[in-house]
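Here come two complexes built around chain A, the first alongside chain B, the second alongside chain C.
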Partner chain A sequence: MIHYSRIRVALLLAPALIVIGGLFIGGLLLALVQSLGYFAAIGENAFTLKHYAALIFDKEFHRSLFLTFALSSIATAISAALGLIFAVSLRDVASRSRFASVLLQIPLAMPHLVIGVVLINLIASSGLVARLAFALGIINTPADFPALTADTYGFGIIAAYVIKETPFITLMTLAVLVRTRDEYELVARTLGANRWQRLRYVTLPLVAPAAVSSALLVFAFIFGAFEIPFLLGRTYPAMLSVVAQRRFLSTDLSERPDAIAVAVCLALISSLLVYLYMRLARVLIRHDNPTVFL
Partner chain B sequence: MTTTTTNQRAQRTTTRRFDIANTGTIFTLAALACITVIPIVFLVVASFARHWYFPALAPREFSTRAWEYVASSSSGATTALWMSLAIAFIVTILSVLIALPAARALALCEFKGKRILVFLLMLPVIAPPLAATMGVHHLFLRLDLTDSLAGVVLVHLIPCVPYATLMLASSFANFDTDIEAQARTLGANAFDVWRYVTLPAAAPGLAVAAAFAFLISWSQYLTTLFIGGNQVVTLPLILIGFQRAGDEATTSALSLVFLLPTLLVFIVVARFIKRDASKSI
Partner chain C sequence: MTALTLRLQNIAAAYGAQLVLEDVTLDVRAGELVALLGRSGCGKTTLLKIVAGLLPPTRGEVFFGQENFTHVPAARRGVGVVFQKPLLFPYLNVFDNIAFGLKMRGIAKSETRMRVAEALHAVQLEGYESRRAAELSGGQEQRIALARALVTRPRVLLLDEPFSALDASLRIEMRSLVSRLQRELHITTLFVTHDQHEAATLAARIAFLDDGRLLQTGAPRDLYLTPATPAVAHFFGWLVIEGKLCATQSVTDNGIRCDTALGRLTGTPRSPLANHKDESVWLAIHPAQVRIVTAPERSLTDDATENLLPATIEAVVDFGARVTYTVRLRSNDLLTIDLSRDAHHEARTTFDMDENICVSLPREAVLIFHK
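Our next item is the complex of A and B:
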């Protein structure tokens, strides 16, 4: 730690604070104000909670909130489980093979948009997987193929996120595994622990904090992200970000405060998740900052 | 002596475990490779395919129609490409300039409200800033910033500045400020210290932060749509437009145009990420 005067610290932080305070916090406050009855464009200029009250009775909002929670949870759980398995199976090659670490890093650079576009073409009812099923004589027409995009259970959304987030959780978990592996493993081995016992009582407790905290980040990200549910999801019920987008861009301007109310709810939930993550991660700035790869 | 024996022992166990876990390792590496290889191969084939419909597993005819269309001015793809590049470049430069001093303060100084600041930095990075964008929309409308490049750049700063700040702060965290003091003692002035000591030390972190600020701006969709209002058309916007219109070949070609810079930027900075991360191990 170095000791700068308060003024110097303030000056160093000033440009960033203008962006965060002015654009981000300012934007959030403006959103709040506009959703609380001050939206001049449609003649609203008195405090009201009606846009939030409306959400309480809004069936689309309920279904959308439930869907968002459910899909985020399922996609995160599958990604975390696969990420743990991947990390454990990669721990020996990761530190020694440049090839392995490149293979692990490149998926992180794949944009969600591209994954979404490709996945549609693979799993849609006339997609490549359906054509393979046809070639194998399993189905006769595209209609025989189960709906995997724009479907009731959000299969396409879950699949896209699992593909995108598993490498992220793998990388975060692997960083801890590589750092702490040998000593504890050797002790356990010396004490006569077999492979399963070493995995259960040594490796898992070691990687659990990294796995859980990166899973929380993934959950928070999926909860608010737009492109994947927009491309692969249904229009009703849609995930919250899609509902907010549709209402905001509606030609009926009176829907705009409702859209902003949905977005404010999303922001509140995200804040809570990020706060939880920080409580969990404890360390202010970690060298291997996980946010890098989302 | 002790180190050697520990190393040898570690080597032995590693080798043995590697043999046992071999199948799992190969499977995992193959799965990871698929995430990159399958989309790229598919997009290349689909962008050259002609009338590739159910139940054809492989295209029966190939054509360069989609690529010619993408290259022509009527598709708007080249304009969108330049627009995306221009916005991402401006956003990257601004983000790094704004983030650099803040990251230094964040990593090396103690001050009140630091945890709150970190929280506020993490928020737009992890959750797309939907509400903030909607909030500033009305203000930007009044300031004539909607439908303009300047407005889109400003709104891209909301996630990009925090991203760059957090990344730079994490690389500054290992920086030993004593080296700067030593340079001072040896007679270097403030600029020389910055030019010959601080900057070279921060360079890898800077490269990574710049790369990621670029990638975040490059892949923005909703913020561009809200503030740019279909007047500022970037690659993600026309990409989704063609996807919705059902033009598979053009969508595939555009996806490749969109994907290529991403992979290039990532490959260029990958070695810095590696070097950066290895310091913590």
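Our next item is the complex of A and C:
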């Protein structure tokens, strides 16, 4: 009985699975094969790890990897910190006001591309803030405005991700806070905990799993994301996704396996992070932790 | 900490415009356990939260001993609370959960270790220090919650229906544990419950709260046998019906006759009644004092036959040592009569389903209240 029902489910899902399998898994396998040296278009027919080995000595790759790690970590840390602060301070308002919770969700619905374009219009040296500063006489020419996009420190990239990801972490954390904090705080109050102690020993530990797991997801996303670093980042060093894209679209087809090797490295690191997230979630479920967020 | 008297004076509380407590005055003597009994939503937990400092009263004062604690924050009241749910911090193990209150008070680690060990011994869970809440049963969790409340040596212990989520056998076990610890530690305790049996088992004194008002305080037996109001009587299982003092009233042997939907009944006034004919009153019938007699034994038309009501056996539950009969009265009211096997022997009879019988109510089993 169970056997037949499984076959039936598989048959019903088959059309969708074939399309997804063909396009996604097929594409992935093709890319993997090309990164392993099998690329008939340029006459390479033997499997080799040389494109991966080349990355070990590729200085651009090293700098990009470091930059990707650094920017992803900084943007995630700032988003997580702000998300926690917002969640804790907005908790009472958000649970009472539907308007406040809707307001928090607006940035979530906005595509990254839009955030990137908005930031360029705002903080680039030809942007609104620069013109305003010039009009107010704060700077002599709009060009005097400090470079906040395509800059050395990736300020624009960090700002874009912080704007986009902070509400995500806030909402994830808020969901846990609204559900659990009240009762545990009452217990803590009767046990002699003052306001600071309640924050330190009750609220933060309660939201930590939700904050950490959502921060891990945010990190994994930023690590592999393309639009924002492409729009707001420098050309050199660029984040890994931009390097992979640039090499892939190069007129020199021999760079394509290298590009795919970079992309595969990105995917592996992102997968590792998702795996860590799953492990964390599983540990929390095993402990029957009511604060777990999946 | 030395046991203190807990005194609540004219406490009132409201949620917005809705009054939930009205002029509640209650003393819990030093080292005494008082059960605060009442239906769900009657204001029990609100009163407990006021004592704990988790909710400010709109009026009235809370005294611990001679000291007024009305405006002292919860964190500085030195009150131990066990809630309906154990609410153990899920990210801490048993040791850290129990030690939480001590840590908040800055107690030294060596003393903390000693006091946590004592608390675990008191609740008979030695060796559970490193377990997490998820690894404990419901009863164990509630014991740890009790240990966590006791380890701080509170001035007053407040228990808010702590056993309601446990199964029957665990409840009995926990009651006995709480009772033993309360006596050993001589701690002033307020125990909130909606279960009259639990209240009577644990407390020498019950305070009955109904609709935000404290209706009666006394020994369980007093509340059960001489309820102060129809609401108390109803809660303790009395059948409460409306009636009117008889037009042809004559007071004999403290008995007062009333006309009711069940017929004419003679009862005992709970407090002195002005003898106005046709005055509406409440009558409360105590099932425990009701006797079942077979219908043909007496003539129902005989005026001399007092408080004999025709009824039908609706259900019989035979527990062996006792039998519970549910009888339907002429008014369609149901009365549950619990008879011990001895009572059967006395009556030398048993009764069957659907059998027409009569219930006999002694005057003492019918209390009459002002309306």
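We adopt the following convention: the second predicted complex is superposed on the first by the 255 of 294 C-alpha atoms of A that agree within 3 Å, B and C clash if a C-alpha of one lies under 4 Å from a C-alpha of the other, contacts with A are read in each partner's own complex, and residues count from 1 in each chain.
Convention: a contact is a pair of C-beta atoms (placed from the backbone, for glycine too) under 8 Å apart; a residue touches a chain by one contact, two chains touch by 3 or more.
Worth saying up front: this structure is predicted, and the values here are computed from it rather than measured.
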| item | value |
| --- | --- |
| Partner chain(s) touched by A:121 [first = chain B, second = chain C, both, neither] | first |
| Broader residue contact with chain A after superposition on the shared chain, chain B or chain C | B |
| Touched partner set for A:32, first chain B, second chain C, both or neither | first |
| Chain B versus chain C as contact partner of A:13, first or second or both or neither | first |
| First, second, both or neither for A:236, with chain B first and chain C second | neither |
| Which superposed partner A:187 touches (first chain B, second chain C, both, neither) | second |
| Which superposed partner A:201 touches (first chain B, second chain C, both, neither) | second |
| Touching partner for A:245 - first (chain B), second (chain C), both, neither | first |
| First (chain B), second (chain C), both or neither touched by A:66 | neither |
| Touching both chain C and chain B, counted on chain A across the two superposed complexes | 186, 189, 286-289, 291 |
| Complex contact set, residues of chain A against chain C | 183-184, 186-194, 197, 201-202, 205-206, 208, 286-291 |
| Residues of chain B that touch chain A when the two form their complex | 9-10, 13-14, 17-18, 20-21, 24-25, 27-29, 31-33, 35-36, 38-39, 42-43, 46, 53-57, 97-99, 101-102, 104-111, 114-115, 117-136, 138-139, 154-155, 157-158, 161-163, 165-167, 169-170, 173-174, 177, 208, 212, 215, 218-219, 221-222, 225-226, 236, 239-240, 243, 248, 251-252, 255, 258-259, 262-263, 265-266, 270, 273-274, 276-277, 279-281 |
| Chain A-touching residues of chain C, taken from the complex the two chains share | 52-54, 73-81, 83, 85, 87, 89-92, 100-101, 103-105, 132-134, 148-149, 152 |
| Footprint of chain B on chain A - complex, ascending | 1-4, 6, 9, 11-17, 19-20, 23-34, 39, 41, 85-86, 88-90, 92-93, 100-115, 117-118, 120-122, 126, 128, 130-132, 134-135, 142, 163, 167, 175, 178-179, 182, 185-186, 189, 195, 217, 220-221, 223-227, 230-231, 241, 244-245, 248-249, 259-260, 263-264, 266-267, 270-271, 273-275, 277-278, 284-289, 291-292, 294 |
